[in-house]
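Each structure below is given as structure tokens.
Each of the two complexes below includes chain A, the first together with chain B, the second together with chain C.
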Partner chain A sequence: MKESTLKWESGLSVWLNAMRRDRKAAAGTVIISFFVLLALLGPLLVGDPKAPVGMPLQPPSAGHWLGTTGQGQDVFAQLVAGARTSLAIGFGVGLVVVAIGGLIGIAAGYFGGRADGLLSLLFNIFLVIPGLPLAIVIAAYLPTGPLTLGLVLVVTGWAWNARVIRAQTLAQRRRDFVAAAIVSGESSFRIVACEILPTMTSLLVAQVIGSTVYAIGAQVGLEFLGLGDVSAVTWGTNLYWAQNDAALLTGAWWTFAPTGISLALIGFGLILLNSGFDEITNPRLQMEHAWRTHLRSRGHEPTRSTPVVIER
Partner chain B sequence: MGFYLLAAWSALTLNFFLPRLMPGDPATALFARFRGTLGPEALQALRETFGLTNAPLISQYFTYLGRVLHGDFGISVAYFPSPVLEVIGTGLIWTIFLAGTAVVISFTIGTLLGIAAAWWRHGFIDTCLTPALAFLGAFPYFWLAMVALYLLGFTLGWFPLGHAYGDDLTPGFSLVFIADVVRHAALPIATVVLATLGGWLISMRNTMISVLGSDYVNLARAKGLPESRVVLRYAARNALLPSVTGFGMAVGFVLGGSLLTEIVFSYPGQGYLLVQAVRNQDYPLMQGIFLAITLAVLGANLLVDVLYLWLDPRTREAAL
Partner chain C sequence: MNETLLSIRDLCVDYITDQGPVRAVDGVSLDIRGGEFVGIAGESGCGKSTMAQALIRILPPPAVISRGEALFEGCNLFSIGEGELRELRWKRISMVFQSAMDALNPVISVREQITDTLLAHDAANASETREGAVKLLEMVGIPGDRIDSFAHQLSGGMRQRVCIALAMALEPSLVILDEPTTALDVIVEYAILEEIRQLQRRRGFSVLFITHNLARMLQFSDRVAIFYAAKLVEAGPSAELRRAAKHPYTQGLLRSFPSVHGGIGELSSIPGSPPSLRTPPTGCRFHPRCSLAVDICRELSPELVMYGRDHSAACHLAK
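Right after this comes the complex of A and B.
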């Protein structure tokens, strides 16, 4: 077997290499970078998204690429301006949710015993209480705005992460290297931070990506129901106004189609990025990938059975 | 069982403390809405109907628990003077019908497709249908529903644009009425099924593939059993277990998510009521609906646990 096919890669070039090799990771990176750039720079390039610029509900034309809304605003400007808030809340909530879930999950998994029992009970209860109705009820009592939305999404979203991370911590806790660290008298904090956390990098990244997908979707859903700040321009409020202005029943597809397609692209891009990242960081998948390429290069179709390659 | 009681109690407690923790209380909000038409004594009366008396919190709490146990959720503001329980009752049937049918259909078709995808690995289902459904899953659910309503309801006119049954019909067990209900429910259910099918397919496919590689399946093959028997009786039965666990959570997800379905299709279920309640600041109704949905989800999860005991003998032994 050639050295290069199964060689371990390391260093900063891992990501670039992976992008060259793994089409999923490359496509995901391109999609997400595009939308992040759009969110950062876009609002500087388009005009005021709330200013009326023409007749209401005009179909796409040269002047207004995506037509106008029920209030005569430019749909394209609203799409670009909405990306900033929606993505900021999405990525922000994704990070916070994993931080909280991680803290609680690691505490439960590492300390075990009564702490584990209590914390597990807490997140299991949060898991079984349906999230969207709870989010609606909380949002209804709080003043509307991005902060409320973020808070609501964190309250309803952390439990799943806590559960997954607890299970993983529990599995790592039983490993020999953790036992060795305990015996050598290292502090709990050091063991968690230096021994257990690094083994969970790929899981944590997957959790952040998954939580971001959830946060963007749930946020848009809540805003669509009118629970966000309806005077702000976000993707959710765009859809809320499209529904309120009866866009569906007047055939104005351009008021809701672009937002939905952007949302789907972001979700799809994040999922691609996730599976690409999994492929890079999961040694087993990497090995399997290498095996498959290797077998194919010799004209074999990979099957379920363990392949034996005889070197000549 | 104990867990579900504890979860139900937590939901009740959450429901009690939420309005009390939040800035501004529902009674004052309502009072502000009827500015000028209500006197200060009305505010006091309103506060009392919400259970926001000056009594200490703990006694308020027990009064609240007692009232809930007697099925007294207060009076709806928007549907005054109907009690909340009555308003919820009409909505809950529609929601359970819609969400229940959708989950069962989606679970059945998705699981069967998952088995097929694992059976003919790298076949059409595995390589084309699975990614296509995963791509559909990336769209926000309610947006797919909007597009379906636009294309199939508005443009093509194949389906009605909303409501649970035609305005000209009176509810009853007549064939015409049932046919009309099915016609109205078809598109909402189809959109939920389409959006959730991918999840079932992928989870079943992945478990099936790992189960198909296990020793007892190899043994069954080695015994010379027909392939269909190996796949269905040996592999699929065991691969079903994780999907059944997911079923409980999915019921909660779809019951909650059906709120969005109902908004898009103006379907008169819990979700439609809940959003109306939020817009009208009808706090008693809002909280009653939250409790009703939560209890329905808990009930569904309990059912799944019982089903699991029946499916997996190992858990039965552990429980005994």
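Right after this comes the complex of A and C.
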């Protein structure tokens, strides 16, 4: 128990360090934390998002910060409520997709031979199936709802990750440190989990982040097309209803702009976070950071050739 | 000997870390003359490879050249731009790397590799280049019919020879050999060094030969420089160093291998291990391991002093 708190604290301090060095990571952390807190705590602060609270299509005012929808509902309440579903689906799908893809990819790459042949066949088939159209077809047949959407996105999204992880595993398993691990009698599981997997940390993180961005976008896209449960409150249905109520025609920008901007910010924040993770998982990048700072503080830019900074 | 080809003056190289800079090469001055075979020896981590790579500015981050100059054929290697460096590399200074196994591209043949090098720097025509490639291979003792081989079809020694042929391809005036034979057995090592020595005599280029094998180096070099903990501690002609080394570290190194021709003396090793460059010892950096150390060695860092025409050493006790 004590050990795990210690680990957690050191992880936190590593992250704080990375934020201090890297303004991009810091900005990403702030943006994502804001939306995660909004999704977790927001619904306690706003009322029922579906309750009609005023005249329809009222512009932002003191009573309704972001105005009202075509049904006379509070846009801010809907934005906050929608964040919870959309982010949950996004992060959930991102993690599950990489977990499945990673597991299958590593197994294919490490064991090779017939296992590789079968697994590769499987994910190659999934790769040639066009994702979004299949997602539309599945979503149209299954009972609508956020869970169905998540499932659809997992089914159509895992194969690409498996492919990349398999290639990376193939490259790593021929390296001498894996041969040394085999000779020293480590089990296959330990070699995969403790020797090969850590070399791919930054790749896995990048995949989780990429898949999350994809999942949030695809989920909103499918719901916007009406393929989700239109009675639920998510960012996708917010946009669906805004479109349904002819927001553009009536000039009611406040019904779609907050959701759109939030979506863009989430994607932006996740990409910024990625650079922070890169630095944490790659010790060499951390060293280069000190080097770059040293050069810049003396008025030099990093160059391809060894820089010459004559000290007087 | 001829005029000076490369003149290194007061060179300092730092590695920038989170805990501050670490000086890996500290105030080294060294001359290499035209047609000279100069050896640099020292323990692992003493800065010899760092210096060689700093000269052609290929040290990766976090290295920074923080002091000194290197005049090569009249231009300062530390003040020229990226374009001039590109012109200079390989054509005028080339290098054979420590791990030749990895220096060859695995997917193109030896022929392509050599002709690429020739064509990239010279506007020579293709047929001339093809003949040139075969000649180069034969020069380093590989049969011409192996020219279409790929790297994985050659033995380690042959790969190293191909790298040497590549380094000679453009007839540079300086070839840097960065421990080129470390991965090879002694017989192959000897054969390759002998070939380089003969080529060097015939063509008149200069060689900077880096190794931790002092015996080999004394055997092949005209002049030798000994590094210890980022500093140059002694430099002089091989014969003179072998006969009358001034620095206790050099003397220690010389006692650590047997002489084939001399009598059977007692072999000894230098006690202790090299110091950390982050917190180097005060005074002379060798004093904690030196059996002769006196008070001044602990307090004052010795300057490099000339003894005789070409021989210099940095030791308070040298006479």
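We take it that the second predicted complex is superposed on the first by the 288 of 312 C-alpha atoms of A that agree within 3 Å, B and C clash if a C-alpha of one lies under 4 Å from a C-alpha of the other, contacts with A are read in each partner's own complex, and residues count from 1 in each chain.
Methods note: a contact is a pair of C-beta atoms (placed from the backbone, for glycine too) under 8 Å apart; a residue touches a chain by one contact, two chains touch by 3 or more.
Note that the coordinates shown come from a computational prediction; the quantities given were computed from them, not determined experimentally.
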item: Which superposed partner A:137 touches (first chain B, second chain C, both, neither); value: first
item: Touched partner set for A:288, first chain B, second chain C, both or neither; value: second
item: Which superposed partner A:268 touches (first chain B, second chain C, both, neither); value: first
item: Partner chain(s) touched by A:95 [first = chain B, second = chain C, both, neither]; value: neither
item: Chain B versus chain C as contact partner of A:151, first or second or both or neither; value: neither
item: Touching partner for A:239 - first (chain B), second (chain C), both, neither; value: first
item: Chain touching more of chain A, residue-wise (chain B, chain C); value: B
item: Chain C-contacting residues of chain A that also contact chain B; value: 304
item: Residue ranges of chain A touching chain C (in the complex, touch as defined); value: 286-288, 290-292, 294-295, 302-311
item: Chain A partner contacts - residues on chain B that touch it in the complex; value: 3-4, 6-7, 10-11, 14-15, 18-19, 22-24, 134-135, 138-144, 146-147, 149-150, 154-155, 161, 212-213, 249, 252-253, 255-257, 259-260, 263-264, 274-275, 278-279, 281, 283, 286-287, 289-290, 293-294, 297-298, 301
item: Footprint of chain A on chain C - complex, ascending; value: 16-18, 21, 53-54, 57-67, 78-79, 82, 85
item: Complex contacts: residues of chain A adjacent to chain B; value: 121, 124-125, 127-134, 136-138, 140-143, 217, 220-221, 224-227, 239, 243, 248-249, 251, 253, 256-257, 259-260, 263-265, 267-268, 271, 304
